[in-house]
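Only one structure is covered here, and it is reproduced in the block below.
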């Protein structure tokens, strides 16, 4: 019953087998092996267009160096106020890009066209003292378990483009979003105007596999140097490539993300069916936010369940009752139906 | 016959097995699992003292963040002119530490007490315009295959201490140096005055395992933040821990490094025995620098051998004859006697 | 009728005379002249304690390097959401300090104990992912013409100290605040817990004279290097010293600030007396925010008055009527009664 | 008898008078006044081409921000090993540009085509690990009192251009070089392939006036933001403009530099005529390097002369005898014939 985060899960057996197979041979270092080249080419197929792909070690690195690739001095980046780049990366995006992150409000973890446009208007291109807009970044799936629809992405990227701003997508849970929407990777990215993507594998069954995918290849011009100077060029890069090869093979990544989403659905259904608990808000990816009696949460924890309390949103202080608690539950490729059912049963009986 | 670099080798089977075993369970992320704690404690045993240990993704990260931990504004770092931090890291140490690397000359890839002291003298602590000394870093084993003796390390660290400068050791090939000298990790580090160490596992049988080891724990005070902001905190850190657990178990790391050194010895002996070839300079770790007829090098390459040409040292332009070439040969845990003998045979017959 | 900003004014004749006198002699460069030392000592008298003083070129430099002196990696600085460091310095504080500025709300341009404490609570000292609190900065006088009372400063610095955070004061308009409160420099700074101060002279009759004053001298330990590396060490520093000597002589600086405040009072009184205009909010320093009919503003501009429109506060959209405009009026040492009266007369008759 | 540096001199009376005149009026801040625009246009005339001009506070700022404008990640800048950017700016150029300074050797403070080309060859454009060439910077007049001829500049810029590298000129003593060569500003800069120039006024009679002049205006595209974020945008910029207006009026700047050079000539002639002293090397600008008996140097100092000892060049340890000392003597617009003659007389009689 591990619902703390999808990064508490291990690695899928196919990933491990591919790594083990790779380990027995010699091959060129620093991304120059045949395998590295083959996997890079594989991304072209996945995205149905020619892309530039670079592997890095963490999701924070993927986001930070993506933004570094589109950095402008005195520039600011527009992100939802709950985005990982603002809340959870200890200033790494600011450090690597030299830019400030400007929070954009919006319900359900999503920027809206109105809130984004209003923020951008405050940072015009000649705004020497205040700073100028340089990029937008949107998180898909969001940090609060929701997913932008294609139309919602269109509306935001249209505003970005109208202001001359490139678009980054934080896809730490990219597979979960793709599966939730039932669309193709192309449809959710470059066809919507996304220029550069953090494509995450770690949370979905790899143990360390994060890629930066440039749809706008001009932006990748200096990226090899950006990555190297950021100490993110692995000598044995092919072990990341090996993970991605297995991950992308026969749609394993979609299968794993689909499983996580299905487990989250089971949780959602189960929680809705409980008298004592309810969802704090509706989600569609592999995160569920539930409000339950403190006694239920305690009982589940005592029985071995692992999950985090979540702060009550400042603009909805009445969402959670006095004897209740708001928790986050994250499912993963490794979550089982038994985990879910045991957890729900504990909540019901407490 | 892969002698290009020890980072062309794969990963040792024990490492893989440990990774595979780790992959099937859930555990806390970001270095907070039981395994992470156990492996950190293991380093205390290896070094016979209480240390602070942090894992990062690359050797460049280990060096750069080590220097960041001892950074002073306006500071400079003294390193051998052929050190990795100067020659091979694209300015990452400067970027992360905000300091400049000042080259110190010396034969055989080693700083000498005289050359180090002379350089330090140029950067006194009140040197506002020129910059002030902030640290020294020494590479063990060096980039040219040599190894500092304990007395040599003592002489350099004594100068550093006399000038109030902390000492960093770049141990990307730490195991090879330990094995070459036949000393303990403690004897080669904190007992010699080393304050912080880049402890490399990747070149010696791991696929991605680099640690920063603080003997002076005061220097580690802010390091968790330094690492996080540098985008070097893995979510699934325990997979690095797992590699290190296997690596340090039953002295596997010393066995692997010892094997690489033994293979290098076989190469050295074989090259010395050839009429047509010779060592460019004497080495004692797992790197061999050989001068051979171009025809021999070509023949070996055509037969599948892989190795890099090495630039002729500027101060010894006559070292290499007109029809000769200087090459670097690196052995690893995965090098076999057959590889060596086949390579020597190719050279002999060309 | 120049009310655009106090930095549109020239320089006071005493400043110029002192500069001219200084120009005819030779003296040591880089802050090592007798005059530099004498003026630094003068600051001890002004602040009734031993301080460390450093001159820089701009107010942005004073703020940014003050924050750099108290920088912690992964740290954040708490500032009012309308503070100069957030709104008007193009990210320079973030660039030099490596920290993020976190906005704190509060009416009248002031943080409140409640809003500050709530923000600090979000960034505890072990908050690796979100970031940790590192400092607070308060602006005195504020950007909106108000002035913190001594009690208000006490309440904020007490919270800072309770959280182990040093306190910076942005005193670009320090003299205006001192005069408005009728207190001593000591009473408004170190006696209230301020650790480091940006002491501005440029807006109050110098042409370029900004000082950083450390009350906590430990924080100044590395500052000479911070300033030099920031390219802020003037070779002919003594020309800044000369300005400050004249500025601090016989309380000239208080006289000039007092004049500016008196002129603002005249404006306030005059606007309050107009039927057609009113103050947007009450101010006490040398800034006045007025709401007047657009026709009045146009008439004044056409007659040569210079001032800036000011954005209507987002939380008070009804503050300004449809045919009205919100403007900022700044007085200075060089503002005359005639300027004020002519402006008021123009407004009245339009 | 102040020969310590030209920045020990005060300011010329014309500069002061112009400042005083400017001080009595109001005008737009941040470089937007009529005077700022007029002086910027004046630079077009001085350089006989359309340039982009930006004022900053120090020579270190001029050099550092010039290099920031041509920065490339992973880039290195080639400079003479004795250049100010390497020796005297505490790492500011590295800090602002994010690049490393690579020293190029050469006699008389000058890079040679051979030494420059050899260094550039070590940093090709695809050199991911070592770093890639990004710019060259040459100092005119040099730090050792010499001046590049036009042909010498041509030879260096041709190499830069052949390698795709922009060219920066550090003209802290630009006027002295122009006067020494008897050429026009255009002939010594853009007609020779210089892209961006640090144009110094401070050492030549201003008290604080440094400009960055872009001949390649494309490089200036982001410069307003670079300067602002570097805290180098003065609010009362027009006081720098006022200095430059007076400085450039009626060729005052050339007159002042010519005077300094003439005084240096008088020193050179006088020293050559002494039995006991000699020039360490031949110079042509306003710096003279002299070798004299220690007794002479002591006598001069005791009589009030001010000058710095200079380190004996490492490659010429025998240049200076056991009882001798190498000193640097710098003349300025304020140096008088009496100063020179008194100094020479003291040396002669000691």
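Labels A, B, C and D are assigned to the chains in the order they are written; within every chain, residues are numbered from 1.
Assume a contact is a pair of C-beta atoms (placed from the backbone, for glycine too) under 8 Å apart; a residue touches a chain by one contact, two chains touch by 3 or more.
Note that this is a predicted model, so its numbers are computed, not measured.
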Revision key, fill the gap. Via touching chains, chain B connects to chain C in a minimum step count of 1
Check your understanding: Which one of the chains is farthest from chain D, going by Cα centres?
Key -> A
Revision key, fill the gap. In whole angstrom, the CA-centroid distance of chain A from chain B equals 35
Review point. Roughly how far is chain A from chain D, going centre to centre by Cα mean, in whole Å?
Key: 51
Revision key, fill the gap. Chain-centre distance (mean CA atoms) for chain A and chain C, in whole Å, is 42
Exercise for review: Could you tell me which residues belong to chain B and also touch two or more other chains?
Suggested key: 30, 74, 89-91, 95, 128-129, 225, 228-229, 233
Check your understanding: Okay, in this complex, where on chain A does chain C touch?
Key -> 74, 76, 87-91, 94-95, 98-101, 128-131
Review point. Chain B touches which residues of chain C in the complex?
Key: 30, 68, 72-75, 128-129, 132, 222, 224-226, 228-229, 233
Check your understanding: For chain A, which residues count as touching chain B in their complex?
Key -> 2, 4-5, 7-13, 15-16, 19-20, 22-30, 56-61, 64-65, 89-92, 95-96, 202-203, 207-208, 225, 228-236, 239, 306, 334
